[in-house]
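A quick write-up on the structure given underneath.
Note that the chains take the letters A, B, C and D in the order they are written out, and that residue 1 is the start of every chain.
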Amino acid sequence: MELEPAFARAGAMVFSNAGAFRMSPEVPLLVPEVNAAHLGLLEVQRHHHGWTGGIITNANCTATVLVMALAPLHEAFGVEAVLMTSMQAVSGAGYPGVPSLDILGNVIPFIRNEEPKVEEETPKMLGRFTGSAVELAPITVSALCHRVPVIEGHTEAVSVKLKGNPSLDAVREAFLSWRPEPQRLGLFSAPAIPVHVHTLEDRPQVRRDVERDEGMSVHVGRIRVCPILGLKFALLGHNTERGAAGGSILNAELAHAKGYIR
Amino acid sequence: MELEPAFARAGAMVFSNAGAFRMSPEVPLLVPEVNAAHLGLLEVQRHHHGWTGGIITNANCTATVLVMALAPLHEAFGVEAVLMTSMQAVSGAGYPGVPSLDILGNVIPFIRNEEPKVEEETPKMLGRFTGSAVELAPITVSALCHRVPVIEGHTEAVSVKLKGNPSLDAVREAFLSWRPEPQRLGLFSAPAIPVHVHTLEDRPQVRRDVERDEGMSVHVGRIRVCPILGLKFALLGHNTERGAAGGSILNAELAHAKGYIR
Amino acid sequence: MELEPAFARAGAMVFSNAGAFRMSPEVPLLVPEVNAAHLGLLEVQRHHHGWTGGIITNANCTATVLVMALAPLHEAFGVEAVLMTSMQAVSGAGYPGVPSLDILGNVIPFIRNEEPKVEEETPKMLGRFTGSAVELAPITVSALCHRVPVIEGHTEAVSVKLKGNPSLDAVREAFLSWRPEPQRLGLFSAPAIPVHVHTLEDRPQVRRDVERDEGMSVHVGRIRVCPILGLKFALLGHNTERGAAGGSILNAELAHAKGYIR
Amino acid sequence: MELEPAFARAGAMVFSNAGAFRMSPEVPLLVPEVNAAHLGLLEVQRHHHGWTGGIITNANCTATVLVMALAPLHEAFGVEAVLMTSMQAVSGAGYPGVPSLDILGNVIPFIRNEEPKVEEETPKMLGRFTGSAVELAPITVSALCHRVPVIEGHTEAVSVKLKGNPSLDAVREAFLSWRPEPQRLGLFSAPAIPVHVHTLEDRPQVRRDVERDEGMSVHVGRIRVCPILGLKFALLGHNTERGAAGGSILNAELAHAKGYIR
């Protein structure tokens, strides 16, 4: 038996980092900067099941980092398609996780179940809450996931098709001016700047940038034209902070600020 | 003064791994499996300049590996667009090259001049020799290049738009049945199988596969559907063998077999 | 011309991390926990040269870490011989420093000039200030230095011959009870505990321990019997904090506390 | 039940890489270059147990590499004490073995049971066969074992006390002139030169040297004076070839050449 519904029935708010309920239509796949409104699904859960608590999940680490960068673009322009190639840290596999014989001096072009998760979870996270459900965003996602010999931090090479093909300046401005709900509310674990825009030509770099803001912000750099989809950029985020435990804590802070935890 | 033309004028056949003449319209950017016919440009060089020798270049290492995998698809179906994310070995930067402080436990999302080279050289290599010139192939290329802590071997995550959207089985068959000129001629440095198709779900891997055939073949794996461009696969090749010195030697073997070196 | 004497003549206190004056008999090779009394050499410098300032150097990074662990043993028992094998981080070589092609997946059993520095500087640092000079400690030192693929932190495998062959418990107690001058004075950059004694069987480890106390403490573990010299243990310290910049700052704090900087 | 005696009773010659029988007084701990005479213990086994087969083990990988370098010195001068610090590859731990989270960018100063094995097995391997038993060599051994982020190949920093304190030239000559039994017999897997003496100041290096001779030779370099024990040098050998499978095969070749396998 899954534990989450039992706890929710008993009145607990469950903030889960596990995969089981992420794609359940009644469960928010929450990244506070991206889809705070999805918290409204808690009412749906309570109404349907008679729970006094509820279930909130955070997403796959790679998808979480990705939507942090896509959200300001989706809000400003509308995202139509995303092609993302990841270079993921070994900490994402837990402990003991990846054997050193497999990854020292190597790149592994496969992480079990990772690509489908990114491709499914992204449209849910960027979807619209209608009052009773989350409508998946009409975004086509292609993920190509790799393991690399890095301890903490996922690097993502992102190519995006935006509506109206905005200029690079407009894209930069969308990142820089983004001030979503956790920042407006001043939540304790919310970084002041959720997306850092790097201008040095060879940044962001995982070993040099990922620990900034205790791993709760993400990093965008090398914003440039993609001759196929229109826009490409480098992206970096912390898989075990923003992409796991830290994300769940921020989820709890948002739920508390919104009155869902008494 | 550039040395290549001086040597060519003096009657030497120059097989160059340098970048200077790669995009010159009279100079073949030669990968024998891909564009043996481009050797015909030697006649153009000789006619225009009165040389008795000539200049043949090999391409950027990342682009060379890429066209080895694209050529069978281009011949069978026609390639319209390619989006390639590379994870490149430090040996590609020469010696002393990349400082260890920059790359241990790190990913660098930038290699100077690398992306433009891949985007320019690929359409030239896949172009058609008309008898007097090479017509660039009408292929849009987007490259996103990264340095990773690997000694030898470039891993590439490739997404491709093919004409007619062929099935994965047709794609596999195109790789497996490819038998280009160096293999038909039995050139000494030509690998018996130029493109290995891996079926294990987590291969090819640079540390385990790149030294096969003394680094002269390339490796394709994880052939799957891309929801955006139609096809995606993992690709691996040896940057300092096939992508550099070994490539030039094979170029010389082809030129000799074709009667250009007496 | 060396700059240090010119500055000292002009009244400046020079805290140098360079190698030039380390073995000069009038210059303190200062590690505040180890040889605070050596500051008395400043009077000698001033008397001899008529300087109003002075020169204080810190030691080679590997030697600095080593004497931090030897000092409590030398004070409690007397050290007669030390055989030390180092596994040193690449940051010790500065930038660009060690090429990645040399160190990825490798161990280099040589660092230019490193072994003589450790062998010479250690007896000076552990020497006695007589009032007018530092008498070298009668300790035989053998150093075997290696570079390993680590970013920050030197690991040292230390075997020691102590007078009277004390028990392991007595050795542990000597480390634990050590409370040298910077800790008694409460200097700002002095760690509360200068030598951490680890009891987990596989610690200290550079990636997990070296950043503690902002790299200003050292770490001892695996204290055990050496069948040849009597005692052996694992040692770890931060080469660019305690072993370089941080060490010089602590030197300045000690000099200030002792009234040498007005 | 242990399998080895059952097989030996049944007439099989068992060449084992496992640890169980290594220190059994009747079992040769065989490195053909070092102690071919120990094969005589097979007669003892057969006589005592009525076996028609027998058990031969190879040693711990670190100890095997060490005795390959000590044997020529022990034959020429007599070894009295050895202090060895190892930097060992992850392949020594098997698969999955060392988690990547433990070793990327790290050094672990502990390998379970490794130091006692090296300290026990070395005197047995260098011992003298009396006709009925192996007399342990009177050599004191201290081992300090470390895991480093290397795939294949153990680096060892060795300090040795030799009888009569021979010159460095005499030591070099002892290595260079060593021509033990497998080389005289021309055994198939025996390297022509069992100990390579490097003269470049920064060699041997694991990534550059360990695969020579298919990993069956060892490498000595940086031969220099140790102010404590008299002699020190760098040593390198292949832990899974010479130190494991390859070693057992050479053991079988020797047993066959000596008539123990019909």
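We adopt the following convention: a contact is a pair of C-beta atoms (placed from the backbone, for glycine too) under 8 Å apart; a residue touches a chain by one contact, two chains touch by 3 or more.
Owing to the predicted nature of the structure, the values given are computational and were not obtained by experimental measurement.
Asks: List every chain that touches both chain B and chain D.
Replies: Chains touching both chain B and chain D: A, C.
Asks: Among the chains, which one keeps its Cα centre farthest from the Cα centre of chain D?
Replies: Of all chains, A has its centre farthest from that of chain D.
Asks: Comparing A-D against C-D, which pair counts more contacting C-beta pairs?
Replies: Pair with more contacting C-beta pairs, C-D versus A-D: C-D.
Asks: Measuring centre to centre with CA averages, how many angstrom lie between chain A and chain C?
Replies: A distance of 46 Å separates the two centres.
Asks: Give, as an integer number of Å, the spacing between the C-alpha centres of chain D and chain C.
Replies: 36
Asks: Using mean CA coordinates as chain centres, what's the gap between chain A and chain D in Å?
Replies: Centre-to-centre distance between chain A and chain D: 52 Å.
Asks: Please list all residues of chain C that touch 2 or more other chains.
Replies: Each of 104-105, 149-151, 207 in chain C touches at least two other chains.
Asks: Please output the residues of chain D touching chain C within their complex, sorted ascending.
Replies: Going through chain D, the ones touching chain C are 81, 83, 85, 87, 104-110, 119, 140-142, 144, 146, 148-151, 155, 157, 159, 201-208, 221-222, 226-229, 232, 234.
Asks: Give the list of chain D residues in touch with chain B in this complex.
Replies: Residues 104-105, 151, 207 of chain D touch chain B in their complex.
Asks: How about chain C: which of its residues touch chain B in the complex?
Replies: Residue positions touching the partner: 90-91, 95-105, 149-151.
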